[in-house]
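When the chains are written out, they are named A, B, C and D in that same order, and each has its own residue count from 1.
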Amino acid sequence: MTTERAIAIAARVEDFVRTQIFPYESDPRRDHHGAPTDELVYEMREKARAAGVLPPHILPDGTHLTQRETATVLIASGLSPLGPLACNTMAPDEGNMYLIGHVASDDLKQRFLKPLVEGRARSAFFMTEPATMQGAGSDPSMMITTCRRDGNHWVVNGKKRFITGAQGAQVGIIMAKSEEEDSHGGACMFLVDLPDPAIRIDYVPNTIDTSMPGSHANVTIDNLRIPADQLLGQAGDGFKYAQVRLSPARLSHCMRWLGCCIRAQEIASDYANRRMAFGKLLIDHEGVGFMLAENMIELQQAQLMIDWCAGVLDTGSLGTVESSMAKVAVSEALMRIADRCVQVMGGTGVTDETVVEQIFREVRAFRIYDGPTEVHKWSLAKKIKRRWKEAHG
Amino acid sequence: MTTERAIAIAARVEDFVRTQIFPYESDPRRDHHGAPTDELVYEMREKARAAGVLPPHILPDGTHLTQRETATVLIASGLSPLGPLACNTMAPDEGNMYLIGHVASDDLKQRFLKPLVEGRARSAFFMTEPATMQGAGSDPSMMITTCRRDGNHWVVNGKKRFITGAQGAQVGIIMAKSEEEDSHGGACMFLVDLPDPAIRIDYVPNTIDTSMPGSHANVTIDNLRIPADQLLGQAGDGFKYAQVRLSPARLSHCMRWLGCCIRAQEIASDYANRRMAFGKLLIDHEGVGFMLAENMIELQQAQLMIDWCAGVLDTGSLGTVESSMAKVAVSEALMRIADRCVQVMGGTGVTDETVVEQIFREVRAFRIYDGPTEVHKWSLAKKIKRRWKEAHG
Amino acid sequence: MTTERAIAIAARVEDFVRTQIFPYESDPRRDHHGAPTDELVYEMREKARAAGVLPPHILPDGTHLTQRETATVLIASGLSPLGPLACNTMAPDEGNMYLIGHVASDDLKQRFLKPLVEGRARSAFFMTEPATMQGAGSDPSMMITTCRRDGNHWVVNGKKRFITGAQGAQVGIIMAKSEEEDSHGGACMFLVDLPDPAIRIDYVPNTIDTSMPGSHANVTIDNLRIPADQLLGQAGDGFKYAQVRLSPARLSHCMRWLGCCIRAQEIASDYANRRMAFGKLLIDHEGVGFMLAENMIELQQAQLMIDWCAGVLDTGSLGTVESSMAKVAVSEALMRIADRCVQVMGGTGVTDETVVEQIFREVRAFRIYDGPTEVHKWSLAKKIKRRWKEAHG
Amino acid sequence: MTTERAIAIAARVEDFVRTQIFPYESDPRRDHHGAPTDELVYEMREKARAAGVLPPHILPDGTHLTQRETATVLIASGLSPLGPLACNTMAPDEGNMYLIGHVASDDLKQRFLKPLVEGRARSAFFMTEPATMQGAGSDPSMMITTCRRDGNHWVVNGKKRFITGAQGAQVGIIMAKSEEEDSHGGACMFLVDLPDPAIRIDYVPNTIDTSMPGSHANVTIDNLRIPADQLLGQAGDGFKYAQVRLSPARLSHCMRWLGCCIRAQEIASDYANRRMAFGKLLIDHEGVGFMLAENMIELQQAQLMIDWCAGVLDTGSLGTVESSMAKVAVSEALMRIADRCVQVMGGTGVTDETVVEQIFREVRAFRIYDGPTEVHKWSLAKKIKRRWKEAHG
């Protein structure tokens, strides 16, 4: 269950987002990919700081709320697509702060985590690679970015794809397969200052989603030299650290987008209660009312899956299976919910006159990043097979 | 959350159902509608009594487990379609015992509840009426069965439809619209001994479901005279009492059928792990593995919706909205789950070689009884409208 | 396009089925699996003979209507689940007659086809085998039933599963893998008289569908000796002949069940236009009206897919890809249609008071036999891959 | 059936679109709503003129291909979202040319139709109005834009919404409710030159779709004076003329977007045949292959619905019911198809690296314009009711 302190924080966050961030939704400061500019981001963050909700889920002593509590708070921050940016609960920073906080030494935390937690910098997580759809991220043997020692430095070379927020970030976490024998075929993670001329942003495609500053960059890493003391944790343990970040980051996407879809439902319900068609209110047409009722049910289900998975993580489990289940269930449900909200609103639903249109697009992308639905089903099927084998010797 | 005592009871129930009731699934004692005969029912109940699980959710002092605890136990009893019959957790008896336990006087409990709790009698709930789909049950002005006082008796006349278990029951709860002025247009409920020549079973249709003894009868009540002391509660309050029964009974269906679908998933998974097609195990075909993975997710969601709604009921709320949401979400999910289990098993899935085929049929009917999906969506849409109005003055 | 002669035949068939066969739907003559008894079948056939619609799609000279014309006629015969039995357009006889007519010698036709065409005998097609879901039927190397020459006879041994109508049939088509060298690893087909003590019906499971006399038997073939002149076509060409039967038989299922679902829609529409709920006709509730509108659209789509595939077959193509596409599209659409009809009718929809309940069950099974949906998708994906390879060298 | 001449034209169009228009898909000339600029449009049209495909479906003598033939040609033009703009088969011009060609006098045709047919001008259709979702367009009593005679002119006042292409158009068709008695409460249609200061573009929202030059404008008409000879047809018959345009225009959307989704399937299939994941080609994963197989089936169904409806229109029928059925079936199927293509391509699917991302967005809007799915289902349910009443007296 969530706690009173989390409910109190979430109430502050909700009030802040509703009163101070909703107006920014029509702010014209977007870059040419449609994403909020950093100017806009940092302006909103000053307001969040003043409101005492920056970041809301990390306490002054650096500890995090529990996952159950975090859910309560992050859903509230997600009532606007801009809310998590303002409150500093957005991907990839939220997950990166979590990872650094759990793995880094105090020195590295002081240098790389502090500006992130204070909301004065953005970060990027350089894991995904091009060419194969999932391949590299989850399979060390397929990762083509490599690192090797050279004196007191590591040298990294490779290519990365869909690196969210790389453009404009000050902090990078770079993952590379180690060519050193004592890494036993594992990977390393490094903390680096950005920008760096050896990390070249080749290209930033336009994407259907437009909520993340810097969008999703294609990057070439060309003889990047990193001082050895910027190695995160131990050499060869990179995939283990990626696992630490994996489930919480995946689940925090669910939380934020649930917040957005609660908002979409509010807007669509309001629309349906104010417009007439064929002689009665839209809400009085079963064709409309049933869609909103289905949303009401599926929003509840999304909330329950998030809380359940958060509870599993709070036991200390990696929650790989549970977060796969939650990711599939929540992202697919939110897509149906956002789609129905658009449909309820007719022509208005496909315009930017409300945020519903953006939410629809964001959720479409969410069904793919952090593991497409099909990849999670694939791994759940493997789990079913393993469990059967264990039970049947 | 559920409790340790509930987990302990559920473990006993599960063990009993798996070891002693599964073998009865191929027992040939079915009536000509396909339903288990009373001989079979009472034979299983003796075993349940011996195993100390009759009924498992009502304590020796007559108190019930909480709804959260009941969920844990009833899901376990539902692992076989015969389990709830054996353990005395089946509809309509389970709901009828709940209602009588909450509303009846001690005298009436002694006479009508005791044999039910002891599993020595079956009961029927005479509410639904013919002609309009939902009409009568929920709208007093449309109920055509009436009652009026005649000396120290009430006289009841009318027609009822889909009266589950009426054939073979010893206890009846009869609902009728009161023609007495002091009932203020409300309804009465009566407890009666069955069979009674004034309660004529006109016809018992074959139905797609075959789990309930006595099936679903069409009944004519013709000048039934009931002693006044068999009135349940107060005259005119019949619909209030129906509300008491409504949500818990609806939710207990969800519990039992979830148990059945957990079983169907076990059987289908076992099948998929033992059969080859096109050169590999079925489970290794994504087309099969994804279906089982979807089931894994939806079973979890069904569990969470049941627990959530049960928690609401445990606060003392009538839970009308929540049980509507749970009923729609769970029944529709279980249909998809059962359907996928059938499909995974191919030709075998549509035979009675496993209980999966029956479970598919049972769940199909469940999407209709206790309120078809569409009626619940309709009432949820009304709720959305009311909430909007309250918020917008 | 269909033709005037087909339209005229279909009109006669429709009139016959509506006036003379609909009344048989409540005839109690069913065997203990729920299937029509042969007594019932042959009684209806006498009426069809008198009405000049036995069989309606094979002309007096033994030629068949085109597939497009056949569609028009078989859909009409399918307006009742009993219609195809009465008109002799039912599986497996319809496909068996088609196969024998295309492959057999005149002598074999005279002996085995004539009584079938005259509707005086039933037949069974012994292809599917147990243990693997699809395996044997489509993959000679996996067929475990074998045949070998022994003097002027062939000797067959093996096991078959889901042999529709074997119980009660007079004519059998048996498929077996040839152990003879000059068969080059291929299969043989034989025509045999039934019953035969060497063809043992081990077990007939109950199934969710109940339209086919004799249901679906498990069979052991134990040293069955077949005179060599009962070989159908050439030794080793069995799979080629199976292909001849495959697409037309698959498509004729689509035709018949489309007829049934047109009927279900009639019944559900009639119900919705005569019943009130919550103060208005069911049809005036969008929740009901939309379901019937969706059915209206999907029935049209089913018709178009059948006509399209039939047109391809009429060009002389085997139509393997097209009949896979049609089978998936039509069977899945009919499931949704039948399901909506049940739902529109509420409690009545799950009783045998109308044939809608049976149609729902029949269509459920249809999604599996003649290739489950997933097997067809699998083979279509292979086709997409092959086409891409051809286009890209 | 389509014809050889249509097939020949379509082949020319397809070749033109593939070779000359595909390269424009990455042309940066888009306005700030994301729509192609007129400069880009007219440049492409010069190429289409040179290739002899401008417009491909209107013959030199001004006659149109049949609807069946038009389908063949418009699907080919739709292989790129830019194709219909290049070939002058795009909405709203295509429908506007059809309407003017069928209703206007020779003088008006010479003045307003000629530049459109020649592809030297764009047009807009001023029908939809704000405030109610569908209201005004289909219900004269709700149309708030009015016209009245003033000497030799008509004077028009009102508001319009979602007027596609108004920005940048040279020709307008304006619909207004007549206040003149001899119009019997009907509407008038007028042809006007654009721009006109009395037709004020208030606002052009950004929308999820970006294929239509000028996007969808909100417009105020303020004392617009139109010479009486620019009345289209007869005063009071405006809704009759709207009906003439309705079904063909609705269906031509289906044609163009089907072309786009055929393209999306090509791109996704190509992607799946070239990329590996988890050790095998994407296409060899059933999770991917099944999605492409489903697309293959649904593309065929979309084609068949279009051909069927076109055939009905070619008989001279208004085809209101059939075009509603086709619009729902096709738009909903294309959404599923486009969605699966995005999903197959993973991260790449949500970038603008291919047109798949745009096609997904366009089809989302298509489910709403020309009548949302729910409005069509509503009117089909009414039709089912009327048919039942006719059959049952």
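Criterion: a contact is a pair of C-beta atoms (placed from the backbone, for glycine too) under 8 Å apart; a residue touches a chain by one contact, two chains touch by 3 or more.
Here is each chain with its UniProt name: A, B, C, D = Acyl-CoA dehydrogenase.
In this text the structure is predicted, and so the values were computed from the model without any measurement.
Novice: Among the remaining chains, which ones contact both chain B and chain C?
Specialist: Chains touching both chain B and chain C: A, D.
Novice: Would you indicate which option in A-D, C-D or A-B repeats the interface seen between B-C, with over half of the contact pairs matching by residue number?
Specialist: Checked against B-C: the matching pair is A-D.
Novice: By CA centroid distance, what chain is farthest from chain A?
Specialist: C
Novice: Please tell me the distance, in whole Å, between the geometric centres of chain C and chain D computed from their C-alpha atoms.
Specialist: One centre to the other, that is 42 Å.
Novice: Please report how many Å separate the Cα centroid of chain A from that of chain D, as a whole number.
Specialist: 38
Novice: In angstrom, rounded to a whole number, how far apart do the mean CA points of chain B and chain D lie?
Specialist: So the centre of chain B lies 52 Å away from the centre of chain D.
Novice: Hunt down the residues of chain B that sit against at least two other chains at once, touch-wise.
Specialist: Those would be 285-288, 290, 374, 377-378.
Novice: Which bits of chain C are touching chain A when the two form their complex?
Specialist: So the residues of chain C touching chain A come out as 285-287, 290.
Novice: Give every residue of chain D touching chain C within the complex, in rising order.
Specialist: On the chain D side, the touching residues are 269-270, 273, 281, 283-284, 286, 288-290, 292-294, 296-298, 300-301, 304-305, 308, 325, 328-329, 374, 376-378, 380-385, 388-389, 392.
Novice: Which residues of chain C touch chain B in the complex?
Specialist: 128, 131-135, 139, 161-162, 205-209, 216, 275-278, 282, 285, 287-288, 339, 342-343, 346-347, 349-353, 357, 360-361, 364-365, 367-369, 372-375, 377-378
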